[in-house]
Each structure stands twice: as C-alpha cells, then as structure tokens.
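Shared between the two complexes below is chain A, which pairs with chain B and chain C, respectively.
Here is the complex of A and B:
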C-alpha cells in the first residue's frame, strides 16, 4: 500500500507533539488583580495544548457574596437546569442566581449553558452533617443523579470557568477581563486518553479545592475506588478529578497538613525511607501504609488551590515540568519559565523544584518584598526536605 | 495573533561588524522565528541577536552553518534541536530539552537549564553556568570522532546521565557550599557508554546499578583540563581553582546492561 502521508505531508509535521500547560499566580499579600496577565501567560504556552480544553480558577472572586457557596453549573439541557434549580431551592437558601455572562466568539462552538448560584445552607437542613460535607454530598448528587447537569465549582468566594477551546478563547468567552482575584490558576489542555468535553476541561473542583494538571494518572482506577468509599463519585471522565477529591479528603476531612498530603500523593521511595533513622521512618512508612491507595502513579505536575493557598507539586521522578517564580509577594507557578517572564520579566527568584517537593504560597505567610539583588536564579535542589519556601 | 512582521535592523553600517542582524521575536511564533532564522543563515548572515524571546521552541533547529546566535529572553523547549554547527548563547535560563539530538555546534547558557538537557545528542558542546534539571545527558551517544559534551557549573537533579550511551558529562558543583554534596539520586541509571566526571562528594547510594566508580587517569585529567578551560572562558572564572578539587569518574559497567533482559 502507498504511504500517502509522505506524499501529502512531506515533513510529517502533522503529528501534534504537545502537553498540557498550567499556570498559577497568587499575591500572597491578598491583593486582588485582573486575569489579564494570567491569560497572557497561559496563551504564551498555546503550543502545548490543542484547543480541546481551557479553564481558570479564581479566588477572591465574589467578595459581595463571600459567605455564600458559589455554585457554577453547566447544563446540557434546559430540563437539567429546571431540575437542578428545584433541587437547589429544596436544599439551600438561594440568595442570588444568574447566567454567567459570556460573549459569543467564533472559536467557541456549541457551548452549554453556564449559570451561577449563591447559596446558603438552611440552618435546619444538614441533618447534623458538617456544612462542607453537606455541600460535597449535594455536588455528588447533582453530578450523578441529574441528567445533563454538572457542577463546575462549589466553593465560597471562588469560581471555575472552563470549556472546550484554547484557554485564551475560554477567557474571552467568559469575559474574564471583568473579574478580579488574589489567586488565579489556568490550564490549556491536550487530552491524551479521555474525551475533550466541557466537563473534562480543567480545573477540577469540589468545595473550594481546584486542581489543574499536566500528565496522566495511571493509578486512576485504584484512586477512584478508594475515594468512592468516602462518598466521592467520579463523573467527569478525566483522571485529574481524583486529585481534587483526594486533597479534599486528606486536607479538609482528615486534617492533614499540606506537606503530609504531598507525601501521600508523591511519596518518597522505599529506598529513600530505608536510609532514614528508624525514628524518621515512622511517618513516611505510616503514610504509605495507610494511604497507599491515594499514591498518584504516573507523570504529573499539578497546581492545587483552595481559599488562601496555592500549591505546586510534581510526581517524585518529575516526569512533567514545573518552574517557580517569586516577585515581591507574588508567587508564580508555570509549566514553562517563559510564560512567567512574559508577564514579570524581573523576578526576584526563579527555580525548578525537585520532584515531590510541594511549593506553597499562603495568605497566612505572605512573602516579604525581596531585599536581595534581583535577577539571581537558583534552584532549590539541595533541600530535600519538604519545607515551605522561605525568603 | 502572530501576523506582524519582525522589526529587524542590520547594524553592520553602524558598528562596523559584518552581517549582524537583530530580530525582535516578540510577535513571532516558533515556526515563523525558525523560518526567519533559516532565511537569514542561507543569505549568509554571520551573527544574529534575538530579542524578546519568550518560549519559542526549537530555536536554531536544523541550521547547518557556524552562525553565532545570541538569545535575550527565555528560549522555549528543544533549543538547538538537531542543529549542526551554530553557536548559541543564551543570556538567561533555558527550558526543557535543550540540545535535543544536536549534531554539532555549541550552546552556552548563562543561567540554569531545565530537564533532559542534551537528550540523545550525538555531537557538539553544551555549557551551563548554573544548575540543570532531571535527566541531563539522557541517552547521549557517540560515534568515532563525534562525542557530545555537556559541562555544568552547578549541580544536577535526579537521573543525571540516564541511559547514557556515549559522550562526556561534567558536573562541577561550583555552587555547593563547603561540606555539601550533590543530592541527585539514580545517577547514571542504565548507563552503557560514555563517561561522567563529578566534582564534589557523591555517595554510593546515589548511583545507578549500572555505573562503576574509578580514579581519574592522566587522559581523564587532560580531557577535563581542556573542557574546564573552555568553561572558564565562557563564564569568566578560574580554571586552576576548579581543577584542584577531587573528581569522581563514573563509567558504565556493561555495554549492554539489558542485553539479556528480554531475550530468553
């Protein structure tokens, strides 16, 4: 048979050599800023994605309704919307509801309806459940029981905007230039083994936890089954979903510090553990034994965010890239340094963290403006601990 | 999005330098930028300065003339991929995959480099002033007089020299403090050719199962002296100080470590 590819496409350059792009920007001093730089940065990594998914998470988004749970919902049908709204009225006080403003652009084809609801939990309504557990259960109920409706986000004072398109197109479609937040994460998608659909775009969310991810979770099956025991149902057809539920379980419900959660998702190798003193082996051994089913296998770089905190983490053999930049009180996390440099040419520091080491920006510990000379770069290689970055 | 033409200035008439061309890369996609570079090089330009480089990939790919290219900004992944002869200087950091399958030429990075530096390189030299990420030198290979060489001023992250099949990797550790050793693990895992020289302490457990440790012989010192001499010329530091310290030589224990793995 003739190899037509050689005739039609001499250089064989139609193969798409891509990976997802992720970007995060947080002012640890809590100042809110527009998404302009974030969109510019993620658009600079256009070549990493293929237009089958883009999305943003914004924190500090709805100060006017800061105490309400802000539900972003995607509807594939009007019937789905009617059923969800009945459900929400039954389970919550609905303080305000509106369609999320969008502008039609040619790149965004056949979009679903996206609405937002600001909800309060009825005082008598949770049957003794914790309020946040109540929210998670209701999200799972909508995702699994109401046809044609999916929850994009469900946290306070934050929201997720996502869909099928390049991230800069999604930003234009959702008019993101009109919003401000102190923490933004962004994602450009190159779907590998799951469909490129609106629900499968990143960020993934439950409550105020969001995850953007570059890589693939080969342990998805075992992670998913483990999480199902705790009431988390995976409905978005994408591996990243398990990470959002895993951090909710570990950090919010089990109360583990971020550093410990990181050592569950990307644990040290047994060979590394065995080189420690017996005393120092206790915690990593226990974590691997208790939470073995939440170990994320396969290549990943993620930016995890929730109210007041942004965390960058890679798998322990760093099969996907992550570069960190700090300028004043602002922390940048990105797949590529060039995207950070584009929006912030004069960084105080830029470095590439080792695999499995979480990089944490927190409102509780804002970075001090740098007193050292600008433009020096160094990598935090020598520190094999799990310390927060300190200046 | 990338429709604007580059603003280009030929400064030969101003500075007296021959055929030096400045390219503003800000509005150029990686395809446009590399097409422009091919055009300039085939028209005989000897020196090119690229300004406002923000992540364009494959810069310098398949150029086969000894043109000098200075990059200001942050070049994208696979800088110098498949290139055959040019000398690229990066005034900043390099990202992942720098020197991918490079054939000949030189890349000098006045900063750090990301992961898989020099992957599958089969010739040419790469100098990095500071640190490098994971898997530097992965699967470099050599043939007769073609010997890819990578010299790194700082330290490296894990899997340094992974699956290395040829060439020379030098890790100088100049930024390690007194008493501080390299922290990379799995050094030389799967190595089956070439040689690694490391200055500074490295423990046995940090090494892959496929590497042996040896003292340097006279030839090794001659090689190192020459390479470190070039390194110090690029980055303006003292070669003699560097050479005074103890080096460790890593070599492959087997030329086909997995030769029997899948063959029963």
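Here is the complex of A and C:
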C-alpha cells in the first residue's frame, strides 16, 4: 500500500500548510463560457501564490459524455497506467479514453502523464452499493493501492486540471482556453514547503464536488477524527480534504441543504443563537450540538462547487478575504475585488459577505439582472449581528 | 503505649511579636497551641501539628512560622521516613491507615509533559479582548446526524445541560463537608453557569433552590435519595467508584453523623454511614443499564444520567459498556482524585493516571463509533486552566475540580480530612468549625477562581486561533509531548514536541 500522506505531506507535519488566491465564476443561467477570463483573473492575483501549485475546476465540461464519470488520472510511470487501465476495465465500462492534450512550456518541468477516461458503472458491478459510494471507493482504491497513479477528478460532466506551477502556467499547459463550462473555479497556491507533487494542488475533488480553499483550519485534528468515525480516510493530510469530506457527509450522506451545511461549518455564535426567539433557536442550537466537531475553526475562505451550484464561505470571523460580484446572471467570487473588476469592470454590485454567510449561485435559481445574490436571509440565524455590512 | 512517631513540624513563635492574643490557641483544632496563664506564655505541642497553616495565616502579628521538622534518619531510598512512620503507626494501632485527599506519591503527572500549541504567521491568533471566544459546552447524549422533516428538524436530542465553562465542582457530600461548603459551591456554580455535585450525602432543603445547577449522586449507600431529590436535580450521577479509593466503599464515621446529617442522609443519628464497596444491585453491566433506565424513568427522561467510575486498567472497555448501558455522561476519576477518607494503601496504589484513561476511553469510543452518544467528564488532579485545556484537547467534554475548589476555600491539603478536625472548617461537621467557611465569601472565592480560569482558557484558545471550545475538544494536534516514551505518546495520541 502506498502512503499518500507521505507523498502529499512529505515532512509529516500535522497537516499541509498553504495559503493562496481563489476565484470562482458561474453563469447561473447555465451558459457555457471559455476559461479566458478566469485565467486572467487568477493571474491578476499572482502575488498570492508562489508557483508551487495552481488548478482549475470546470463544470459543464464534457456535455458529450455527460452521463459518464470522467476520471482524470496522473501517472508517474507507464506501468502505473497499465495497472490502472486493467483495473478500470475490470470495474467499469470504459466508453472513451485519451491523453489530456497539453502544450509544453518552459515553466512546467517534469510533468506527469495525464489521461482522462469516461466510465460507466457496470449494472451488475456495484454489489448493492450506491453508485456514488462505489465511485468513491474505487477512487480510494487506486489512490491508495496502485503505485504511480493518482485520480484527481472523478465527477460527471466536470473536470479538474491542476499541477505544480502558477495557475496561468497550468492553464496554458492544459490548453484551458479550448474548454467551456458554465462554472469555473481557480486556485493559486502558496504552500510553506515545496512538495512539488501535482496531486497536492487544488482544487481537491471527490465525485463532482470540488473545493478550492485559502486557509488553515485550526480545528483540523478534531474534524479529521470525527470524519474518520464515518469511514473517511484522510489520506492527503490537508484541511482542504477535510472540508470536502465534511461537505460530502453533510449534503450527500445526511441530506442537509447547503445553507444548513454552511451553518455547521461556520456556525453562528451561541450568543447570537440565544438572542433569537425560542422557536428559532432550536435548529442552530441542535446543529451545533450534533455537529460541533465539524465546525471549521481558524481562518478560511472556500469555494465549494458541484454540479449546478457554487458556494462561497468564510470562517465566522472572516479571517481570510472573499469578495462577491454580480453582473447579470453571472456570480463572481474572489480573494480580491481587483481580479473581478479586471474581467468585468461593470458589475451590478459587489460586496464583502459577512463572516460565515454562505454566498450561493445555483442553476436552479438563476440571478436575474439587478436581483441580488442569495444570502441566507431565509435561514433562522444569520451572522449579521456580528459585523454589519451595508450592501 | 509510648509512640515512636517523631513530630512532623516545628512551630516557631517569635516572642517579641507574640501578643498572647490566643488566636492560634483557638484556631488550632489539633491541640497544638495552649496558653499558660501562670507564665503568660503560649506553648506548642508540635507532635500534634499537621502543617495546615491555620494559625500562621490567622496570627495577627505574624509571630508564627511552621516548618518541616528535619527528620534525620539515616538516608535510605527504600526505607523513607514516610514508610518507616506508616509501620510505626500500624504497629501502635493494628488498623488500616486512613488518610484524606488524593495521593501525594510521585506518579507521573502527564499534564506537565504536554505542551499546547499557538498560531504563528500561517494563521492568525485571535484576541479574546476583541473577538468573541466561546467556552459553552453542552453535556448529554448527542446523535451522529440530524434529520429533516417537512416542518424543519425531525431530530429531538436527548436532554442537554449547558455549561458556561467546561469546569464543574466534583462530588463533595454533606457530612464529609459542611453545609456552608456546599452552599458556597452551589452559589458559585449558579453564578458561573456550571454544576456542583451533592456526592452521596443527600441534598439539604436549603440548597433546593440551586437545583438547576446541581448534579445529584446515587451511590451504593443510596443515602438521601428520594423522588424530590431526583426531581430537583439537573443531572443524576450514578457513582460506581472514585479515584481515591477504587473498589472501596465509603465510611462516614458516626461522630460526623449529626442530627442534620442524619436527617438528610435518612439514617439514625450517630450511626456510621457505610456505603458498600459495590452497588448491591449492580453486579454486572446489564444491571447498570437497569439502574440507568430506572433513574431515567423516574425523571421522565428529562435529565442526563451520568455514571462515574474510577480510572482503572480496563477503563476503555468499561466505558464503552457504560455508554451502551445508556449513560449520557461518563465520568472518569483518576489516580490522583481526592476524598474525605480512604485507606492510604488504596489511595496510593490503586488506579491509573487520568490522562491515560481519558486518552484511551476517548479513542475507544471513537473506534466503536459511539463517542457522540455520551459526554466524557474527567476528575482527579486538575490544578489549573492549563490542565483543563489539555484535558479538553485529549478528548474530555468537561472536567471536575474538587481539591482545587477546596483550596479556593482555604484548604492547604494537609490530608487530615478523615479526622473530622479540619481547622479550615471545610471537611468537618463540627458546628464550631463549619462556621469558619462563610458562604458569602466562599461563593465569591470559588466564582473568582472559575472566572480566572475562564479568562485564561479564552487566551489559550485565542492563541491557537480557535474561537470555540468544540474545535479544541479531542483535537490532539494542538498537544505535543515532552519527556515521554513512545508508548506513552502512543496512548496519549500525541506527537513528540519537535515533530
């Protein structure tokens, strides 16, 4: 068994420590657009990274294979590739496979081989397991057992591209200008160590969930121990991974709405809860009592995306930046406002959300011009009392 | 029989300062000081001195000094003075040696080998003077998840008890300590939003008004347990064992069973109150489940039921059984836990350090996937807020303090609790002595202590970049070990400092 933690967290620190720039752009009307603006925006925050990691997630990427799981794999050896392809043929119907097109550039040195596979689950193959659990287990199997191979994207009609380099270099390397999607997220990384490992870059992915993250979760130790009780193997030893698993547990497995999940990861203070009327106290109090171990404490801004939805969230005292912009049906989330302004000078409006307030863009509720991004006013509790911001 | 015991202390009196006021004579409960009217001199029988410092603190002219008597036996690591003197005592009395408080032996104190983390550069520390900092803790059975129905939340949680800070007062029974001590504890707990614990001595009607901040104990003697007692309480705690005397029952001597104590304990005046070693209706884990549910039935499932055990070799497996038997709160009392009276040989030799018990119980409950089903509270040797923070990081939901609370009331840990002669008026039922604890002042001293600790805890949390206690709870990455073996580190689940 290979030790992913050893690869990703070479020095075996408590967790991988890094900071970064993040950017997200979504057309809530579902129109697909190229990555040109996204790359421009994230490149504008060049100084927030240090060239040791960049990446992108694109949704609505593979309409031709929309019903297939699109696996992106990086290989360190041809032997690894052969073993994985054998494995994939055993476990799935392989509908199509190809090497991901790249363009050699001087900044990208010693890249791994990157392939993509479009897979369907065999009807008899899951042994009664839910299909999504089956996918997660197979991905874990490849990542922890097959030497020289790593799955870094495994959702439907979406894909992750990432590697060691500045994000604009990664974009150029993977020819991202050729792709279109209705939702893009991007990440430029500043790790404290020099892992030099492509799998360690963001976005982090499981199924069609992706996370780009700027922060350091001080509650990592207990978040991780809690998730381990539910069968999550935190092999990457990053707080980003913990966020992804927490979201997976809350939304996919426990069936909670995204607003509630956000209220668990960045809950209101007890004093705010107690200021509400008794009937309004019940939900937030119960959520904190039951899910206290999943509170993400310490500085973070995160953009979580899955099919049809993009969520921006900061920690409850907003120790890392997040700016929101809306123009027509397009929602922008960014570490810095300048990056949004660069690609969209005429925003309808822009604001800094309150700590712990989720900003949600959804295909189900597209923005109409001059209508605001949906905050959480419909939730029982908002963090409004803590830091008032005029919109 | 002539005793061969040498005096332990020397009481020195500076005659130029002594004003013959006789405060020392009146304050000493061990008959050390006496006034000779003929010679106009205060004399001291030093062999009686226990080193409690009551006279030193109360001497208005600072004329008194009490210091250890140099016991110049020939040096011998094996036959130390204490060991020699224990033998002398037994050869003169033929009995078990009794003592009070927790063990004073030099077992490793793991708190002193654990260090806490702080934020530097990569994440900011949080300043508790400027930002909210939450110590709120809810004790009680939680669930793994919530479920939603059409009308919002379908999930109903079992009863939860809110603590404003994760520190409660440990069980101190009426009879062992005085009503004034209990009133001080009850009032401080109420003021600070935490709980005090009746111990196994019933609850005096005068304290019923503090019921919302009271944990009532149901122990092997069932003293003072009646319907109203359970109704008034916020939490019901079944006591199986105690860190100072694992496997041993309790014995309140008849001399301490005054009219009031007898009334509250529901036993005849002047009779010994004997708590049997086991609960005679609990000889097995399924019996515990029956008592847990009997108490839940009796209280309409409206209060958490806790179970307290002494930390012993198989604590992890036992605790796991307790959770499955329905306990909402698991209380672990460690080797250094204190008591009003215990056989010295038991106190000093039975049980395991609380840090190791806590780490292994928290681990086991997580491995079993039942950690959410009960809160873990630990007791036995918590000395300051640093210990509290480390206990929380190891996995405790809250801690009990007993000795620390008594020290706040004046106790100097002279270990004479079992004599009933406590000069500080704490561990006695002698009415002449109990009035030495004034509940107004006692409650203030105890509240001050908790207030100080909660300020310190907030500083510790803020330094780590954490603003809610639940993010430290069980978060052992914020601990590092110093001077520990690999096995100790493995059991504690912490890494060596520098790693």
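Following the convention adopted for this analysis, the second predicted complex is superposed on the first by the 346 of 391 C-alpha atoms of A that agree within 3 Å, B and C clash if a C-alpha of one lies under 4 Å from a C-alpha of the other, contacts with A are read in each partner's own complex, and residues count from 1 in each chain.
Everything below uses one rule, namely that a contact is a pair of C-beta atoms (placed from the backbone, for glycine too) under 8 Å apart; a residue touches a chain by one contact, two chains touch by 3 or more.
Since we're looking at a predicted model, the values are computed, not measured.
Look at A:52: by the touch rule set out above, it reaches neither chain B nor chain C.
In the superposed model, A:337 makes contact with chain B only, not with chain C.
Residue contacts after overlaying the shared chain place A:216 against chain C, while chain B stays out of touching range.
In the superposed pair of complexes, A:318 makes contact with chain B only, with no contact to chain C. Once chain A of one complex is fitted onto chain A of the other, the partner contacts of A:276 are absent, as it touches neither chain B nor chain C.
For chain A, the partner with contacts to more residues, out of chain B and chain C, is C. The contact surfaces that chain B and chain C form on chain A in the two complexes overlap at residues 271, 317. By the touch criterion stated above, chain A contacts chain B in their complex at residues 44-45, 47, 271-272, 275, 317-318, 321, 323, 336-339, 341-342, 350-352, 354-355, 377-379, 381-382, 384. Chain A makes touch with chain C in their complex at residues 12, 14-15, 17, 19, 192, 215-216, 218-222, 225-226, 228-230, 254-257, 260, 269-271, 282-283, 286-293, 295, 297-299, 316-317, 319, 386. Taken together, the chain B residues at the contact with chain A in this complex read 29-30, 53-55, 57, 73-77, 92-93, 95-96, 111-112, 114-115, 130-131, 133-134, 154-159, 175-176, 180, 183-185, 205.
Touching chain A in their complex are the following residues of chain C: 119, 122-124, 126, 131-132, 134, 136, 138, 142-148, 152-153, 155, 157, 160, 366, 369, 371-372, 464-468, 470-478, 495, 499.
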